[in-house]
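What follows is a set of structures for review.
Two complexes come next, and they have one chain in common, chain A, joined by chain B in the first and chain C in the second.
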Partner chain A sequence: MNPSLKLTLLILIALEVSFIQVWSVNVALIVVSLLLMLFNHVSWRRLLWLTLVPLFFASALVWSLMLRGDASTHFLIVIFTRMFVYVYMGGWFTLTTKPLWLTRSLEQNAKLPSKFAYGFLAAFNLMPKIQAEVATVRAAALMRGEVLHVWSPRLYFKVILAAMNWSDQLAAAMTSHGFVEGAPRTHALTVPLLARDWWIFGISLLLVQVGLFVGLP
Partner chain B sequence: MATVTIQSLTYTYPKQSRPVLDHLSGTFPTGKFSLLTGVSGGGKSTLLKLIAGLLPNPDDTTVTFDGQPLNAITPTDRAKTVVMLFQEPSTQFTMDTVENELRFALENQQVPAGEIADRSDAALAFIGITDLKFRKLMQLSGGEQQKVALAIIVAMNSDVILLDEPFASIDPPTRLVLLEKLVALCNERGKTIVLADHDLSGYQQWVDHLAVLADGHLTLLSVDETRARFAAFTPQRLQLTHVQLPSDQLTVCLQGTALGLAHSNRQLIAPQSLSFYAHKTTLITGPNGSGKSTLFRALVRLGHYQGHIAYRDTDIKKIRKRRYARQVGLMFQAAAAQFLNVTVAEELALSQKYGNSTYFTPERVHALLDQLNLAGRDEQVLYSLSSGQQKKIQLLCMLIMAPEVLLLDEPLKGLDYASIQAVMAILKTVQHDLDLTLILISHQLSGLDALVDLHLQLEDHQLTYQEVRA
Partner chain C sequence: MKRWHIRDIILVTIIAIFMGVIFWAIGPVYTILAAALAPAGLQPLANELLLGIWVMAGPLAGFVIRIPGAATLGELLGAVVEMFLGGIWGASTLISGTLQGFGSELGFILTGYKRYGWFTLVLSALTTTIVTFIWDLFRSGYAAYHLPFLLLLFCVRFLSVFIFGGVLTKLINNLLVRAHVLKD
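Coming up: the complex of A and B.
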């Protein structure tokens, strides 16, 4: 499916699910997302993580709501399943969409300014560098007798400083490879936006509406 | 083809009073390979960035290409006129793979989609790196990244190619390949090439002209003058008069067993046994990109290595990180990587808090600051200091920590002569007084003789101790 349309569909459904409390639709969305992930060969390890982490938080949330407050069982089930809807749908999207393909699609199909599209991509490519920088800063601090924890402001001060430096370098790198803000570009690869994509988009959205309408108490 | 002409170019860094380039004029002739030389910090990078339009030009007509001012060239056409290859290989890419970066550059130039693949392949073939096409950029070595960067420039087919110390972290074989390709670009395709390097060694047979940047002024030497300048130039030589092979009486402090280092599939150091000796100063030399800094990072547990490293007979992976970091310290090559605070005073205070404060009394630190010509800068922001000043503060901070083993990665980089003398004197005194173990990497070779006891050379993936050569 076209990545931009996929993203739009995801955001729309997530918004609707946030406001309307129908747990059967939530369960249906969880099942569909899970099936899509299995169909796309997402590894069992990943799936396990995607299940355990929200399970912990959702359980904690439901438990605390049960202890205090007078939430109905219906509401508790909705809250519990909603957490999984977000995580599974997010998992399905991120694990089955290549960042570069999404960038190209946002630029070509969604007509997002190329500056944003490539800025997003560059930030994504910066992740391993940030991890290396954090390791270096922590080692430098240890050598000076300071232990920097994940929550130490000093760690972030240094990393943000480095990131500012990288953003300058990145801007220079992009300029040097001929990138000009707002200038027309050609596209080596065209991201197709087929009639099929629109059909999937429309029918999925419609099904969710029907489900929500029928399921409302 | 394009001749680059600069007329009366003056450039002053923000917040500084003296211009780094002062009414500079000069010409880089078309189809020639010019080597831009001058001391570190003399403004070479600034000049290249101004020519490339990466820094805003102060006046409309100071830099022209075949008479056409840079500012008059539409931004989209600039990359066809002039491009730049950076010193730090990994910082010049936006995309993930070689193929995608090539596509990105050619898309920016609005090359029709159908031609992009062919032009990319031709450029990769010209540099001889077709096999790297689908590789991830961040997994390539520095040398491979520079080759890719040059391939992109070839694909973009720009008239003027600027290179800012492109070989700073590149191994000698790769450097040769790149130089051959640059000369081919000059001769076969009529490109104008300007390469900046502060060191003249290894350029004589390749370049057409020398352009000397000194005191903000540029002088282009003629072919004969260039030849004379090269003939008079003798590469800086390492003169060590009293290094010895390690004897049995020395205590081993760091011991590598079957220690090997690799960087993304490329073996830097073949597995070998390696000892570092306590209370001595060891100098490690070797070509750029051969793995010296990687070795240091491995020794402080910041990088992967093969085999084992033991500190005082204990595997360093079994020592608590926190404890080990206080025993073996690293002075990073980039000064900013060391700093954790904002001002000079705060940074020194941090070192004094945890370091050897009995030896480094406030009076002594004050005297050392004086000796390094850094007195009265307490409240200054570290990042606003010049690179030389940063380097000196960095050294002082690490010396105050006084770890048993101190690794120094290019401690003299970018320092002027007086500072080098001061730093050497301080290192010598402190090493003697506190009986420290110093291990250093340095490309700056003069003045090291008085300090160095042992000399370890890295060549052909092997580290071996050297004695005085006749």
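Coming up: the complex of A and C.
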């Protein structure tokens, strides 16, 4: 399925499920996401992890709602299953979508300005460098007997300085290679947006609407 | 008003990636805290205590890159990174991220992107708290809690957002101003 449409579908369903309380639709979404993940050969360990995490949080949340609130059993079931819908659908999306392909699709199909698409890609390719930079900043501080925590302003300060440097250099490099903001571009690889994608998108969304508004528990 | 250029887009993305890695790294801390508080039915409190860290990308990006939309984009991209790294909220991370970013953006919108000091930070912390709390009333079923507990959750959330999104952001900003990379 086309990544942009897939993302839109994911967000729309997650949003609807957050506001409407129908647990049978939640269960159906869980089953469908699980089947889609199995179909795409997601490893068992991954699936186990995707199950244990929401199991713990959903149970803890339901327990607090029982102790500190006056929610009905129906509402508790909805909240419990909702957690799984989020995690399973998120798992289905992230495990079957490549970020590079998604960005390309957003640029070509969703008309995201190319400066954003290429800006994101340029920065995402720096991911290992960013992680290395954090390690370097911490090690450098340790050599002076200073421990940097998540709440130390100095850690953020140093990383932001490095980030400013890199973004200047990358932007200059892209400009010198002929990248012009807002100029029309051709694409070496095109992401297809087929009629089939629209059909899957429309039918899935329609099915969810029917489930939500037909009066199921 | 300033417009987005490729340099700013790369900068906001790098900051978001950095914050996304931090969001993801405190996941286990949250799990342990939630497990410790869960038997007493206080699991949501773990969420409230740490929320400030998760919403920090917004005000930080808004302060460093003073362009409309910076806070929203920073937080949203942080959420994307967290989701792809395998964060614990799955698909709802994207919606939460957008709302958290928009919440802190509101603080900057209300001051017209002109004032970058304490006032804006406190305002931004307040709008973030309100917007994200309304979202949790629905998403996490907060509306079903008794009122005193709900008020406690709200106050703890505001304090957390204020400390991380407000005080810590201001301290980072001060260092950047002293290094002459940002204007006061």
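By our rule, the second predicted complex is superposed on the first by the 211 of 217 C-alpha atoms of A that agree within 3 Å, B and C clash if a C-alpha of one lies under 4 Å from a C-alpha of the other, contacts with A are read in each partner's own complex, and residues count from 1 in each chain.
Methods note: a residue touches a chain if its C-beta (ideal position, glycine included) is under 8 Å from a C-beta of that chain, and two chains touch if they have at least 3 such contacts.
Computed from a predicted model, the values in this text were never measured in an experiment.
Asker: Would you sort A:G69 into first (chain B), second (chain C), both or neither based on which partner it touches?
Answerer: second
Asker: Does chain B (first) or chain C (second) touch A:L10, or do both, or does neither?
Answerer: Second partner only.
Asker: Under the stated touch criterion, which partner chain does A:F179 make contact with: chain B (first), chain C (second), both, or neither?
Answerer: both
Asker: Mind working out whether A:V150 is in touch with chain B, chain C, both or neither, as first, second, both or neither?
Answerer: So A:V150 only meets chain C here.
Asker: Touching A:W166, do we find chain B (first), chain C (second), both, or neither?
Answerer: A:W166 sits against chain B and chain C alike.
Asker: Looking at chain A, which partner touches more of its residues: chain C or chain B?
Answerer: Looking at chain A, the partner in contact with more of its residues is C.
Asker: Looking at A:F116 after the superposition, I want to know if it touches chain B, chain C, both of them or none. Which is it: first, second, both, neither?
Answerer: Only chain C; A:F116 stays clear of chain B.
Asker: Indicate the residue numbers of chain A shared between its chain B interface and its chain C interface, in ascending order.
Answerer: After superposing on chain A, chain A residues 118, 122, 154, 161, 166, 170, 174-175, 179 contact both chain B and chain C.
Asker: Can you list the residues on chain B that touch chain A in the complex?
Answerer: 52-54, 75-76, 78-80, 83-84, 86, 88, 91-96, 100-101, 103-113, 116-117, 138, 152, 156, 300-302, 321-322, 325-326, 329-330, 332, 336-340, 350-351, 353-355, 383, 397-398, 401, 403
Asker: Can you check the complex and tell me which residues of chain A touch chain B?
Answerer: The contact residues of chain A facing chain B are 100, 118, 121-122, 125, 128-129, 135-137, 139-147, 154, 158, 161, 166, 169-170, 172-180, 183-190.
Asker: Any idea which chain A residues touch chain C in the complex?
Answerer: 10-11, 13-15, 18-19, 49, 53-54, 56-57, 59-61, 63-71, 75, 78-79, 82, 85-91, 93-94, 99, 115-116, 118-120, 122-124, 126-127, 130-131, 134, 150-151, 153-154, 156-157, 159-161, 163-164, 166-168, 170-171, 174-175, 179, 181
Asker: Where on chain C does chain A make contact in their complex?
Answerer: Checking each residue of chain C against chain A gives 4-11, 13-15, 17-18, 21-22, 25-26, 31, 34-35, 38, 40-44, 53, 60, 64, 77, 83-84, 86, 88-95, 135, 138-141, 144-146, 149, 164, 168, 171-172, 174-176, 179, 181.
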